[in-house]
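Mind looking over this structure? Questions follow.
To keep things simple, chains are lettered A, B, C, D, E and F as they appear, and every chain counts its residues starting from 1.
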Amino acid sequence: MRTVAIRNIERAAAETVAALQEQGVATVHEAQGRSGLMKPYMRPIYPGACIAGSAVTVLAQPGDNWMLHVAMELVRPGDILVVAVTTDNTDGMFGDLLAHSAMAHGVNGLVIDAGVRDVRDLTAMGFPVWSRAISAQGTVKATLGCVNVPVVCAGAGVRPGDVIVADDDGVVVVPRRSAARVAEQGAARIANEAAKRERFSAGELGLDMYGMREPLREAGLEYLDSIEDFEAD
Amino acid sequence: MRTVAIRNIERAAAETVAALQEQGVATVHEAQGRSGLMKPYMRPIYPGACIAGSAVTVLAQPGDNWMLHVAMELVRPGDILVVAVTTDNTDGMFGDLLAHSAMAHGVNGLVIDAGVRDVRDLTAMGFPVWSRAISAQGTVKATLGCVNVPVVCAGAGVRPGDVIVADDDGVVVVPRRSAARVAEQGAARIANEAAKRERFSAGELGLDMYGMREPLREAGLEYLDSIEDFEAD
Amino acid sequence: MRTVAIRNIERAAAETVAALQEQGVATVHEAQGRSGLMKPYMRPIYPGACIAGSAVTVLAQPGDNWMLHVAMELVRPGDILVVAVTTDNTDGMFGDLLAHSAMAHGVNGLVIDAGVRDVRDLTAMGFPVWSRAISAQGTVKATLGCVNVPVVCAGAGVRPGDVIVADDDGVVVVPRRSAARVAEQGAARIANEAAKRERFSAGELGLDMYGMREPLREAGLEYLDSIEDFEAD
Amino acid sequence: MRTVAIRNIERAAAETVAALQEQGVATVHEAQGRSGLMKPYMRPIYPGACIAGSAVTVLAQPGDNWMLHVAMELVRPGDILVVAVTTDNTDGMFGDLLAHSAMAHGVNGLVIDAGVRDVRDLTAMGFPVWSRAISAQGTVKATLGCVNVPVVCAGAGVRPGDVIVADDDGVVVVPRRSAARVAEQGAARIANEAAKRERFSAGELGLDMYGMREPLREAGLEYLDSIEDFEAD
Amino acid sequence: MRTVAIRNIERAAAETVAALQEQGVATVHEAQGRSGLMKPYMRPIYPGACIAGSAVTVLAQPGDNWMLHVAMELVRPGDILVVAVTTDNTDGMFGDLLAHSAMAHGVNGLVIDAGVRDVRDLTAMGFPVWSRAISAQGTVKATLGCVNVPVVCAGAGVRPGDVIVADDDGVVVVPRRSAARVAEQGAARIANEAAKRERFSAGELGLDMYGMREPLREAGLEYLDSIEDFEAD
Amino acid sequence: MRTVAIRNIERAAAETVAALQEQGVATVHEAQGRSGLMKPYMRPIYPGACIAGSAVTVLAQPGDNWMLHVAMELVRPGDILVVAVTTDNTDGMFGDLLAHSAMAHGVNGLVIDAGVRDVRDLTAMGFPVWSRAISAQGTVKATLGCVNVPVVCAGAGVRPGDVIVADDDGVVVVPRRSAARVAEQGAARIANEAAKRERFSAGELGLDMYGMREPLREAGLEYLDSIEDFEAD
């Protein structure tokens, strides 16, 4: 692994990022065809946060947060730090000092496939984090990694500059080049869902709304009157 | 697997369900002899909810929520949807649209051995869910399963019409036919615990309250004065 | 395993315990050289609690809480119950009755490498618990274990009388004999961090604050202008 | 939980059991419509064993193998012991002494949702075991459970007398009453697969053998010439 | 997600693939700078196999092996099938029929982030598989995925045509474009290790061979004569 | 954490170690009262090895095997390397080069709560390893740890010089000071088990051999004739 830090990355347009943030993870994930979702072990340290931003990626050695300091010089306001580790690790690579640094540089939040600590302070500061674990385990600064190279974070591929959207449902990655198109599709989806929501609330069944009765019959679904009919068989 | 949907199920009496809900999971679980508890990975999406109701069971293919739509036509007010999957899966099979549908039909809540999404919306709507995971991962509607057949959900056997009780301590299944008897035993237990709680609060030891000193002695418990006595050995 | 209960243990000084509580888990863990942290699966049942106290240790058989009653006679106000189990187990060994007993005897909280139940009640009572699981599964009182012997709890060695500190970041064990020294080092650390926090908030980079630029260069970190430079290679 | 031992159970016909054993787990599982498979964490202690037999079920407390002794009196030659535990547990509830007892009574093997020990001896004796874990952790004999009641073992419901088939692919449960029909369907399946195997070996594609080309086209599969066509998009 | 199958992929040179196979996973992983390793839950179904080949990638829905049939038309002799699933899944997507098909088309082996079945047959046939699980759970053919698009498999990014090396130590991915260079570095490494191996076997210490004594001293390692010196502190 | 290497440790007598090795893990674990067993995720890289020896302990940073080189200077023939890591980690900290070094210095085997690599070579060399994982992931040599301090390895406390016994059933730790007594108790146990084994093989039931019928009756076990009697209730 060449140990490099890449200074300049391309970012999606601010209005695209804002649109994706507004749509939230579940809609964005559907809008881009159900891809790009990180594994569900990535959980927010407090409920209610919903952020979007451009990924500044970090690849770290387990138990070593040195590269986070390198990354901090390369962020721009509105970015999100995305930290991958070379193997599964839960150490608390990020705490309140780094959060103060990140906030001072306008970072929107942290997505880390490892641990985070000082979560009470981070919650009080309103600095949102999605992580694999909460752990006070401190880390060393001894081994190089990379900043702004493509990484796999919690099962999802992330290239620097990709748009990250994170909320209570998890974290989704939108490739930078398709971000504008996904934002459009997400907007269409939201418009469409409002009408469906109303019909569902009025008691209409999905069976009817989506025209499922015939496909179910064709697929072979049998209706029986009672469990006795089933177990008699 | 025959792919069937069973239209009619027997349910426990409403007052039995209400009594079990009032008693809560820990008491009901004890009252029926410490059986029927789902595995502890089933967690509520928000704290404080406590529900009970008759199980309408769903058996689904991983990543496929088609049968949830079939089930929605078969629920009655007060029911609880119980979703089992043919293999371990965390996909978000249920979200805010289905929650609107479920609430419109009077469903009390969802117990799902898979994922759920739109949890912020569900929390705002007050629709309680106990799940294995929170995940935005969307699902297809392509493969049949079953509605209202016996299933294993999170390690517990559930027959349609069994009473489900769920709160912050987890989820317990009470077989329909023994529900009334369990509710009685639970009521007795609660009466009994109030007295114990008072004595514990007054400082009485379990050793004395339960008459444990003699059994402990017989079982061979040694009291030593200090760790030195132990480690010298 | 000899099944013993040790009546008397030595405890750290009250002011040392108080100082460690004030510092919190992350600071104490660093102050003692990054050792003694329990595994991060130990989570509080409600956020915001921060406790410290002397460990009264319990070693239990899976699914059996008999020894907790033995321990309750041996605690002193300010102690923390630390429960280890002979194998991995999630049963709910502790609930609201034992919590009333514990509070009546001045116990500060519970750290248990197993399950806990009645969490809504415990939260309402303000009795803090760090556990591996939340589970209503009831337990028997049939097999002896030990009280106040050295145990391994959630990956950390604990001797009776060691100081336990627990907060939202997890649980750390401070050996009794080094507790005063650790408290001093923690205090120094906190003083030192306040200054750093201010500098980070003012935008100073860790790269400069910690003098990392030269070590990074020596370690071989390459700066590239763009991802194209990296991928061209 | 009533703690009972049921003396007499109905068993499937010997020729049905023999047929299912011959077919093996994967075929039987398909033949009964892809149901009844235990979770894949159930692994054999040595490769190559393939057994079938009638389930004598045991429900045990974690860390307690008392009920295994009760079960041993109730087995008949050709049976398989199926052990479920009230909560997840890996203790070594069964070792070489019990294996000698089991072999003396004609038991075909053990399926245990917990641990097993003395695996080198068991391998040498040719006593096959499928378990969740291998562990030397010894167990007590202190708390009652049940023999020959319905249990959930490794995610699958098992009633006493159901047919268990176990091989290198895992463990499947066939309800006693449908065992003969499943054995017939399995036989048909095997006949059918031999022809397919030959065609596959001759290079015929599944696309053609199963007539998938048209359904794939209708479902919307696009063929592209190269990755450039995909990524240009 | 566009559901596409890409017909043509570029592959590394046969001699490069052969060289990487000869070097094995551990050497190749080091030679490319400790990157590209799949997570260690990927285990071979039988010991001793060591393969290398060009990746034909498959992205599948959980519990659905339809795309494996599509892929089988697009493989060339010497390729390795690499199967990723949209969420964590252990279903047995591949068994002896598909193995006969794969062998007929010259496929070297299968790397699948899901389950595999008929492992006894596959072992007898000598068709090597690295998988997350062994499971008889059958799958449907209902939902499209992709063939020959970039995927994340067991934590590693794989592009179609990348070289896969798999042996008893796991599975490593070598990007196609750097494969020749990695093979050279691997060869150098092997030459270098032979000398070291001899010196180690002669009793020379790593401390001396790698000149570690001075760096250890500088890093602050203290040598003490006995544990008493340590614990007295 | 002071980073120290302790040169001299006390070891148990060679005949005690030999006796414990002969008895094996399950017997030794029982003989010392069912304590000291490592968690069952510790598995041998090949079956059939059975070793015992004095522990030379290593505490390492995740992903860093520097201290293994320090330890290699401090071993004596017959020792076993016991490696603990400050947090859960699966990196391959040990491979064929270190195995050559270990064998040259007479080390009996390795017990490592992390990963190991080159397992085919190690198997061919007959160097036994019990580990948490098999992984080719290489490690750095950048951060100090300790040699010959007390550690927690896979859930068990180990002091340098304690006797380690490892076989197909797992790994057990015997405190050095009680090793001779445990070896005696193990010998008694083995003598005792031979007689039991014979009686079990002759068909005698544990119910009779251990006199369990009366205790079971007193504990309340009910015998029922058939499942109908149970389910009628």
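The rule we apply is simple: contacts are C-beta pairs under 8 Å (C-beta built on N, C-alpha and C of every residue); 3 or more make two chains touch, one makes a residue touch a chain.
Keep in mind that what you see is a predicted model, and the values were worked out from it rather than measured.
Shared contact partners of subunit B and subunit D, listed by label: C, E. By the residue-number overlap criterion, the interface of subunit A with subunit F counts as same, with over half of its numbers used by both chains. Rounded to whole angstrom, the centroid-to-centroid distance between subunit C and subunit F, based on C-alpha atoms, equals 27 Å. Subunit D has residues 2, 34, 86, 88, 90, 135, 137, 143 in contact with two or more other chains.
Contacts between chains, counted with the stated touch criterion, involve the pairs A-B, A-C, A-E, A-F, B-C, B-D, B-E, C-D, C-F, D-E, D-F, E-F. Only residues 61-64, 86-91, 135, 137, 140, 142-143 of subunit D touch subunit C when the two sit together in their complex. Residues 2-9, 66, 68-70, 72-73, 90, 92, 95-98, 100-101, 103-105, 115, 117-120, 123, 133-138, 141, 143-144, 148-149, 159-160 of subunit A are the ones that touch subunit C when the two sit in their complex.
Across the complex, subunit F is touched by residues 1-2, 32-35, 39, 86, 88, 150, 152, 155-157 of subunit C. Residues 25-26, 29-30, 34, 37, 40, 43, 47-48, 50, 167-170, 172, 193, 196-197, 200-207, 210, 212, 216, 219-227, 229-230, 233 of subunit B are the ones touching subunit C in the complex.
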